[in-house]
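Structures for review follow.
In the two complexes that follow, subunit A is the common piece, with subunit B as its partner first and subunit C second.
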Partner chain A sequence: MKTRKGARAGQYLALLAYLVFLAFPFLWLISTAFKPARELASLHPTWIPRSPTLANFRQAFDEQPLLHAALNSLLAALGAAVVAVLIATPMAYVMARHRTPMAKAATGWVVVSQAFPFVLVIIPLFLVLKNLRLIDSLLGLVMVYVVWALPFALWMLVGYVRAVPAELEEAAAVDGAGRARTLLSVTAPLLAPGIVATALFAFISAWNEFFFALVLLKTPERQTLPVVLTHFIGAEGVADLGPLAAAATLATLPSLVVFAIIQKRITGGMLAGAVKS
Partner chain B sequence: MCLKPVRASGCVALVMGLLLLLGTGCSGGGGGSQDGRITLRFQSLAWQQESVAANKALVKEWNATHPDVKVEYVQGSWDSVHDQLLTSFEGGEAPDIIHDASDDLADFAYGGYLADLRTLLPARLKSDIPQHSWDAVTFGGGVYGVPFLQEPRVLIANAGWLKASGVRIPTPERPWTWDEFRAIAKRLSGKGRYGVAWPLREPVSATLNLSLSTGGQLFHRGADGKVTVRFDTADAVVPRTVHDEVNTDRSASSATLGMGGSDTLPGFFGGKYAMVPLGFSYRQQIVQQAPKGFDWQVLPAPAGADGLTQGVSPQTLSIAADSPHKKEAAAFVDFLLRPENMVRLALGDWMLPTGTEALKDPALHTAKNGWATGAALASHLRPAPAQSVRGYPEWKDKVATPAFQEYYSGAIGLAELRKRLVRDGNLVLARYQR
Partner chain C sequence: MTLASAIRRPATRTPDTGGRRRPVDHGAWFLVLPALIPILVLSVGPLLYGIALAFTDAQSGRTAPTQWIGALNFQDLLHDTLFWDSFRIGLLWAVGVTVPQFLLALGLALLLDQDLRLRPLARALAIIPWAMPEVVVGIMWRLVYNPDAGILNETLRDLGLGDGHDWLSGLGTALPAVIVVGVWAGMPQTTVALLAGLQNTPRELHEAAAMDGAGAWRRFLTVTWPALRPIALAITALNFIWNFNSFALVYVLTNGGPGGRTRLPMLFAYEEAFRYGQFGYAAAMGCVMVAVISVLLAIRLAGRLKGDEDA
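Presenting the complex of A and B:
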């Protein structure tokens, strides 16, 4: 009994250590955002700023169009998440329910495509988008993000579809529901946590993406937040640390808010009690 | 979320709305002329508050006085400029006027992406900038950028500490020799404090640039035009000084070898190091971050057989080869680099102008914040070694960086350093010169 309690305490300690490890960079970022320049260069850094200031936030907003960039990021990330989920969901259903050689080959291709580095595709992609007149356009960027997120989204959703018992769909069919009705009324609600998790993945990866946005967007008014953040960095990695931390703090907030809003969907356990025993 | 069947129509509406917003409200216009006016895109890498302000103000002044040629200011970033430009060039979408550094231009120039400026620039600008600065942007006989700002490496020193120790304070007229510098660093050290902190996270360019003062060339072009690496006695003076300060005298902190310049400032302000070799523009950070009352000064880097000579990679303005308005772009470059404007850009970036007229400006010769010391070094600045050597980036990353890092940390000796730089280095360069 004692051993079990000790093991439990150890698990909690390990969990706590892991949480501290995860939280450290974000807390340090917030602390840095509120420190004046002189305190940033102190030999003895402090967790709580001795003379907290909003000057870094003011400077960040004065120097760069952060709100506009955030709006661009939001549009691109939302667009990528919604479109990726809309495309990936029916594809995932087919791949999960119909295990044909074609579906297996498609799964293999999805895995392989994850190994392509960005630099390999960027120039052909740039030329394709240029011919489509989609360079310097958020629509073009969203298309890239959708294509980039699709393999992993598909992979995630196939797993979620497989977790929905086929017997439920069969039972609905026995009860007289048509194919569409079964999919919309039975399968789709049970897939909700998976779809939300996939959308979240697509949203966050698009929100944080830097390289494609850097290369594809030319006009300052269309640049996204990660690109604008680099404007606080100079040659040889020298950074305007205070404003950069302030802007980066603001940049992390939307991801946190989106995650906080929809996390219940992910952990809701909507499958509980779905199958009669 | 669009999950339940009853919300399907809402989901479609959301998607349509998003696509409409993305497609119509935010799509690219494609640039070019509007209302008969020419529009030029100027991609600037200015990033410090004063520097961005100076660039934007000049663009505004140009636009106010040139109704037919509008310049659009585009903010770029030093961190990603090479990849971003490469893709833009390949796709034919590069900005008309490009801000960069001379050591980044070789590949673009040889690749045919940049316009040869020899016939585009006015005589005034050509003669205002010394030939050795033009040498930094000359590749294969063509001139592919206008060098306009440059940054020497200087010693930033804790003035109080130096005064208290009684050491001779060097001046550009009477600088320290490398031996003297080593002896003084040793004298200033002790009790957990160091005479010098070498921030050498990127050791190659710092070492090679400073080695010009001792006559170190490292890269030698033969009669056949091919470049080979040699590591002669003159090339070894600076590396050996750093190595011995760290490993023999213990007058330089080994902890800073992996740091960037900014990382050493807390220790400098906190009294751990008496001197830090840094780029001239770091003075701005010192002004912003130093504790109140902190007494600091700018000293020239030590001199060798070739005096105060050192290598620099000037900031440049280039014109894209694909630009349909090269003449107008050159006129804007000329405007931006008029002596009075070059001074504004230099003050904004805390650097030195290359132009001889701009360099005469009294604002660059004040004792305050070490401007006068830096200005006195301007005539000693030369193109960084190997700027035009093809294969240099690979030599630097794969051979020289690890070799210098290991040598400075004491893991290998001078003979091994020489072997790696020369033997491995020449193998790399040979692949580019077949």
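Presenting the complex of A and C:
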């Protein structure tokens, strides 16, 4: 019994260590965002700001077009999520229900596409988009994001479709419903939560994406939030810490909120589904 | 990149109810084309184009037509010590991140699988690094590592251990410092994947082993690990690839510095392509990266399969 208690204590101690490791950089970021310049310049930084201020946030908005960048990010992420899900859902349905060479090839592509360094894809895309005059445009970026989001969107959706019993569709067909009707009135409602989760996941991924946006967007007014954030770090790597922390905190909020919403689905349902399937 | 792609094929293939063999009717094509066309045009096409570019002298902003130059780029790469330096750094970084990431994630997953009181909080916290943009993760750790105002040096000062080291600018500390960030940032996905694997292990097996008097370590070796192995292997291989190809985190933390000590291959190729306009040469770098990673993984997987046969 004694060893059992000792083991428990050890477990809690380990868990506590994990919590500190995971949480402390994040808490430091938020704390820095609310510190007045005086406290930031002090050689003995405080954990909790003594006289918290919103000045850093104000300065961040003054220094960089944050609102505009957030709007650009929102448009790119929304566009990518909606289009990706719209075109991925039908394909995922076919992949889940039919074992054809095409479905196998698509699965193979989903796997292989993970292994390629993006630089090998972005150079030709850059050239193609340049010829189409879609460099430095959100439309071009959305196109890239859609294709970039497709592998995991397909992956998630195939799992969700498999979870819908084919027998239900067969029963509807026996009842005389046509293919389109079966899909719309039987399959789609059951699939809806999965589709929403997939879209939200695509949204976060695009909201957070940096490399493609860095390469494709040149004009500051067209850049997305992650790219604009890097402007806070000067060419010499010197940064105004307060505004940097304030802007970074703001940029994280939307993803955290969305992630909190779908967290259960991701950690629970989807994973269990993917592992068991 | 994402969890969904991380989970890959199910470890065990139970007969699934959905994917039965049915002839494809022509309506299926109608369902597939909306995704298939963008994939072909914007993914498969550019990939092939990218490989082709590696055999040309393509440069940005040059008026002269692009020439086919055969394997010249690859010959140049062979003698480009800077590239091989960055390649070595990339491998160091990928191993240095992937291994601790896996071990730490395994520990956390095992803890979260227990009936502990702080579990919901721990789960929520474990997710945060995953939801954050990589750029923000980089910025955040710059604040932590800041020589004067950073919490790391402040803590060290309080403990009386050294004062004011500039972790990200030190030749010796830069790579370890960015590796710690890489581990932190990638732990959640790995934890969640392993946790899912753990929760799929039948409880009865654990109980039976415990009844037989097996200790915790023995139960782990005989029950937990065999069940977890397929998912552990898959996620580790993927993490290795993703880490080797990563960009944003280190771009924000050090931009490859100091003196190229953290210049990952992707950072090198990015500069070559978009700062110096050497599209053909950068594409060749991409090809070499894919080739070496594929060979490494193939060897690893082949070794695994052989090990399985021996077992």
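Simple rule for what comes next: the second predicted complex is superposed on the first by the 217 of 277 C-alpha atoms of A that agree within 3 Å, B and C clash if a C-alpha of one lies under 4 Å from a C-alpha of the other, contacts with A are read in each partner's own complex, and residues count from 1 in each chain.
The rule is short, and it goes like this: a residue touches a chain if its C-beta (ideal position, glycine included) is under 8 Å from a C-beta of that chain, and two chains touch if they have at least 3 such contacts.
A quick note: this is a predicted structure, and the numbers were derived from the prediction, not measured.
Touch criterion met: A:R97 reaches subunit C, while subunit B stays clear of it. By the touch criterion defined above, A:V147 lies against subunit C but remains apart from subunit B after alignment on the C-alpha atoms of chain A. In the superposition on chain A, contact of A:Q59 is made with subunit B only, not with subunit C. Of the two partner chains, subunit C is the only one touched by A:F26; subunit B is not.
Once the two complexes are overlaid on the shared chain, A:I123 sits against subunit B and subunit C alike. When the two complexes are superposed, the chain touching more residues of subunit A, out of subunit B and subunit C, is C. Of the two partner chains, subunit B and subunit C are each touched by A:L40. Of the two partner chains, subunit B and subunit C are each touched by A:L86.
After overlaying the two complexes on the shared chain, residue contacts for A:Q11 are found with subunit C alone; subunit B is out of touch. When the two complexes are overlaid on their common chain A, residue A:T230 makes contact with subunit B and with subunit C alike. Comparing the two complexes, residues 40-45, 86, 119, 122-123, 127, 210-211, 214-215, 230, 232-233, 237, 239, 241 of subunit A contact subunit B in one case and subunit C in the other.
By the touch criterion stated above, subunit B contacts subunit A in their complex at residues 1-5, 8, 11, 14-15, 18-19, 21-23, 26-31, 41, 45, 47-49, 52, 73-75, 77-80, 83-84, 87-88, 90-93, 95, 101, 202, 260-262, 265-267, 269-270, 272, 279, 282, 285, 288-292. By the touch rule above, subunit A contacts subunit B in their complex via residues 37-38, 40-45, 59, 63-64, 72, 75-76, 78-79, 82-83, 86, 119, 122-123, 126-127, 130, 133-140, 142, 184-185, 188-189, 191-192, 195-196, 199, 210-211, 214-215, 218-220, 222-223, 227-228, 230-241, 262, 265.
Those residues of subunit A whose C-beta lies close enough to touch subunit C in the complex are 7, 11-12, 14-16, 18-19, 21-26, 28-29, 32, 40-45, 47, 86-88, 90-91, 93-94, 96-100, 102, 106, 109-111, 113-125, 127-128, 143-144, 146-147, 150-156, 161-167, 179, 198, 201, 204-205, 207-208, 210-211, 214-215, 225-226, 229-230, 232-233, 237, 239, 241, 244-245, 248, 251-252, 255-256, 258-260, 263, 266-267, 270-272, 274-277.
By the touch criterion stated above, subunit C contacts subunit A in their complex at residues 1-5, 7-8, 10-11, 14, 16-22, 24, 27-28, 30-32, 34-36, 38-39, 42-47, 49-51, 53, 58, 104, 107-108, 111, 114, 116-118, 121-136, 139-144, 146, 148-151, 154, 157, 184, 187, 192-193, 195-197, 199-200, 216, 231, 238, 241-242, 245, 247-248, 251-252, 254-255, 257, 265-266, 269-270, 273-274, 279, 282-283, 285-287, 289-290, 293-294.
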